[in-house]
């Protein structure tokens, strides 16, 4: 179940990267690269920072196949995928929840403190998109809009609160994933976003 | 003493990152991220390159608290901090000296040659700012203005010259830090900067 | 022989980086940094991802000297080097072939699967240029033009096909290098490039 969600998340992140690159008029190799880093960039940065090398996707070739699938789907069906915006958003949200959990668990495996694990979860879920935006020469959308990363952080905190209550680990994962996914959907519906950093600056 | 200076340097680098992000109108999460990478990016890149993983700040949670403090100060007092420009510049300069020394020492710990240690010192002191500028979609200011990095390199060379003279290690650190800090202030006062790379190109 | 080609490749990549930085009007330190990352960035990213740390150039100081030579040549002779465009292109192509082979072999050393080795070869040959473009605030040229990376991938596949045939490893390296280099020259002559990702999008 969890693995299936990981595959879906990876695939959708790859498609989201590929569509961005197509929109930016990159060539096929560029589209493939952006699909790759969007899907695997977060996990790669996490693995490099904690010293889990060779990084994950090098030891599990399936990820390369999943990305290649996402790449092919995107270049063939890109017009159609654009119209599937709502399904894509849903899958992207699932990816967000699952990737956060994977990051949290890798941090625990390496014996890191809860605060660092929360950072690793957030990083796993969000940094693929940050690298995508840097490569496409944009200020990362993550830093400008939507409540995306904040939900990963909240989910991570919830994870450790539930652990204090000695709840079984599978149940915790389920609750955290449902929490992140449902709040993302609610946030989208009501168009929540973080105040920009200048909130305390008076207008001249 | 040295540790206190490290804390001050980290705090000021975080504030400098946060103020840049506020100026760029990023949201609160973006401001936090930019504060984080500005303060810890240089050391993180250094640790990853030499294989000191999990990277430093993951094992010493205090850094996260220092950055959080810098973040909070920036979003609450950003107008006021702007007016403290001169004190900020002074602290930033202290950070520059201290971070260079920390980078040099980590290189020595890993048994790397003096040239590489000098590169590591410079990288520790300057790459946080480079990553900040990349994330904010600017050509790194480091590559364009001021004599910033050159002083780190000069400080690093001085470090190894003094070591040849068998001077005690604490004294060396002090001399190098004072050298970097005072030359930065002098360079600022007289508005020194490196010639741009086109210095040898004749105008058409 | 192979080592000589590695030196030539590194030198030419450094010069290509330096010339780009000069054109972008960076200062001398900026020019040096861009020369450095263009020449060593690909190998550095590869080493970090597979966990070969401290990364290669930290243990072999010669690379720093080669880059410094390329940097000095560029700032003194930049006008003249511009006119040597065709020789430069030739050397750059040699670098491409040699770096791909080095990346492939490092992957094999770490016992990684052929698909991953091909990715590592391509990454070694191309990511220096990607980092150069990111630092200069451009969308990486690699993602937009020319058949550059595709040749590295094709060369990598050829490498493993020839290995299946039990050909001697030196001969394989030679064939792959000649393959990449000659196709790059042909591709340049006939102005081949990959279709952009929007090839399947109908015009509105």
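Each chain gets a letter, A, B and C, in the order it is written, and its residues are counted from 1.
What we mean here is this: a residue touches a chain if its C-beta (ideal position, glycine included) is under 8 Å from a C-beta of that chain, and two chains touch if they have at least 3 such contacts.
These figures come from a predicted structure and were not determined experimentally.
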item	value
Chain contact graph, described as a line, ring, star, complete graph or other shape	complete
C-alpha-based rotation, chain B on chain C, 0 to 180 degrees, nearest 5	120
Separation of chain A from chain B, taking each centre as the mean of its C-alpha atoms, in whole Å	30
For chain C, residues that touch 2 or more chains besides their own	48, 51, 134, 137
Touch list for chain A against partner chain B, complex	48-51, 110, 112-113, 115-116, 119, 130, 134, 137-140, 142-145, 148-150, 193-202
Interfacial residue positions of chain B with respect to chain A in the complex	18, 21-22, 24-31, 33-34, 44, 48, 51, 53-55, 58-59, 61, 64, 74-76, 78-79, 134-137
